[in-house]
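Chain nomenclature is as follows: A, B and C, assigned in order of appearance, with residue numbering initiated at 1 for each chain independently.
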């Protein structure tokens, strides 16, 4: 999975990136850009969640806490200190990392999956309620508004990068760069010694433990990186949307959305969460008129994917391929005698 | 604050705690027998509330009939859900995670089905009994005493079932060792089905009793699910008696905590207690390590 | 044609995932016979018994018991067919009492009658369990736990008893006690198949044995024949 890419895969990645890069030049439809920006925010979130849940085997359900912490930290620091969002998103990501390590330590002590699930859910609820209750600072459910946007600047070829509701190209390129950064970081991490140890031991933790492999340090590293990336995505989200409420930025709905994305795309794969984020964000937008049904459909998608496509859309690949090869070569030899 | 007001708050905490205990014991039963963490458990509570509401308010059925009907319906719904989802997942690899994920999906699905069916209006049910009991300056509404009474009765019946009936023995045996239970002739999949149904019914009892004092909304399951989680962590995940004690304890801690801070911090107190317990005694306050 | 044996296992293949554990395993057990399955750790002994009991899925092969193919029978119905099992490492219901554990042995409807006489019978085999009836099973010594496990498996009055390493981790004195019990059970007309790693222990009370190595049946015969065979020497002594 983390072997160096083969030439045709490099080509595919390059074509995708090139297509994404030129897209704003071809279409100035800000609605299309908006959908893609959201897809990429969720793409980072889902990949980072997948890093912990799919690769490191720590099934957490509270990553929306880091999204909210990132979003509110960056917004509040930028509002009160006057620092540029270009700087505060990184400060916010670091704050999310600290929170990640803070909750990561106790859950790494616990080996039981349900305990981890409960603690992480509970932690996120604490964060949500706290943000909601600290009205003097966060304005609670009334919403924190007036979050400063990124300052615009001028690039040689592309011209001025504006960050405004009307011209989303700046946001688009920034989140694209952040997405590439995040995917690169995840790939590097998973190819490192820590990543290899985790993937090798993911499904055989007891065996690994009995071999004397201490996974705690590796897991903590992965957890911290994951919280960092989710915090970064959250911070960007705040400056992009311009208004934050606890239910939108730290609500359990957010986590459910991201879980659905990762499951649909395929847990434990690099491209799955990205594909899932794109597919589901588009589905949401298509269902805009059916807003009441949105979450109903999410729930149904999660159930259906878990029941029938346990590896996500990737499950369909082999099925289709098998059909295909069967049609072409109906006389393949039977399975080895057993 | 006067002493009697303080005692009143403690008693109220115990009463609410007895409902937490019923919800938590359902989570504990499911986890104890099939090692499944049911994130849709709050929705059994929520749907139980709506069932009672439909029967009592919409159809005019008297409460003493409506509640047993709602219980039965919740039992059947729980069993059905188990049969079409968990049952299959338990036979596959990676079931520990896939069962959590599927119950998460079910939770959202049921919540939003309720939203479609019943709308987002807050519903409630009239008091089953009225009046206030006064004793040494402590005032407790009859409705709350009824809640406590029903909780005690339910816990007594469940304890009897688990200790002294064929079904209860089968549940306990299966939860301690599934293979050994199968060898002596206990069909695990049927026990799982029944356990899920019982757990759903326990949630529905709590909902029925709370319906007159807490609002029924499509989202009322989520907070109670979180309370249930705190309860099972306090009592040791999978322990029925642990969940009962954990529920009462949580009720009292919240009541005292709210006196010391304010109502909006109630849930934070509960979760902080839970994380503290996980930190020092992951196997629960009352259980033993192994 | 001789009468068919009570249990007949033919060309059994078992896989865990893609990993094949048993390769074309065949064996027979006659009525009132004690058969030992001998093999080193990890050779697949437990898997053979679990496959017979339906605790592990079978890829191919037949398991015929008294004329019926067991491969489609679920584990919880085995008791009704007359088969019972003592699992490896006892596997008691640790939080329940000795008496509750034993009574659960007669849980299945087909055997859930004459409880008093069944109890009397198993407690005559293990008098100490009558004294310890209210003790929590998980808190007893290994030897006592093994007795509870055997007592539980006998409550259904099986015709065939499968025992997975009944001597595992027991003191020598207890081992000979359990061996005596196996003989007693057999005298009552019950066939017994038990697993064992130790050559000498396995042939103490058995009429016949099988040698399993790396998932393949290598050898069968009486204890006398097997002890002197080259295969056993190769497997156990590496010569």
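Simple rule for what comes next: a contact is a pair of C-beta atoms (placed from the backbone, for glycine too) under 8 Å apart; a residue touches a chain by one contact, two chains touch by 3 or more.
Bear in mind that the values here come from a model prediction, so they are computed numbers and not experimental data.
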Min distance from chain CA centroid to global CA centroid: chain B
Per Cα centroids, the chain farthest from chain B: C
Chain centres from averaged Cα atoms put chain A and chain C apart, in whole Å, by 52
When the centre of a chain is set as the mean of its C-alpha atoms, what distance in Å lies between chain A and chain B? 33
State, to the nearest whole Å, the distance from the C-alpha centre of chain B to the C-alpha centre of chain C. 42
Interfacial residue positions of chain A with respect to chain B in the complex: 59, 61, 106, 109-110, 112-115, 117-119, 121-123, 125-126, 129-130, 132-133, 252, 256, 259-260, 263, 292-293, 295-296, 298-303, 306-307, 310
Chain C - residues contacting chain B, complex: 53, 55, 74-80, 84-85, 87, 91-96, 100, 103-105, 107-111, 152-153, 156
Sites on chain B touched by chain C in the complex: 166, 169-170, 172-173, 176-177, 179-188
Within their complex, chain B touches chain A through residues 31, 35, 37, 39, 85, 88-89, 92, 94, 96-98, 100-102, 104-113, 115-116, 222, 226, 229-230, 232-233, 237, 264-265, 267-268, 271-272, 274-275, 278-279, 282
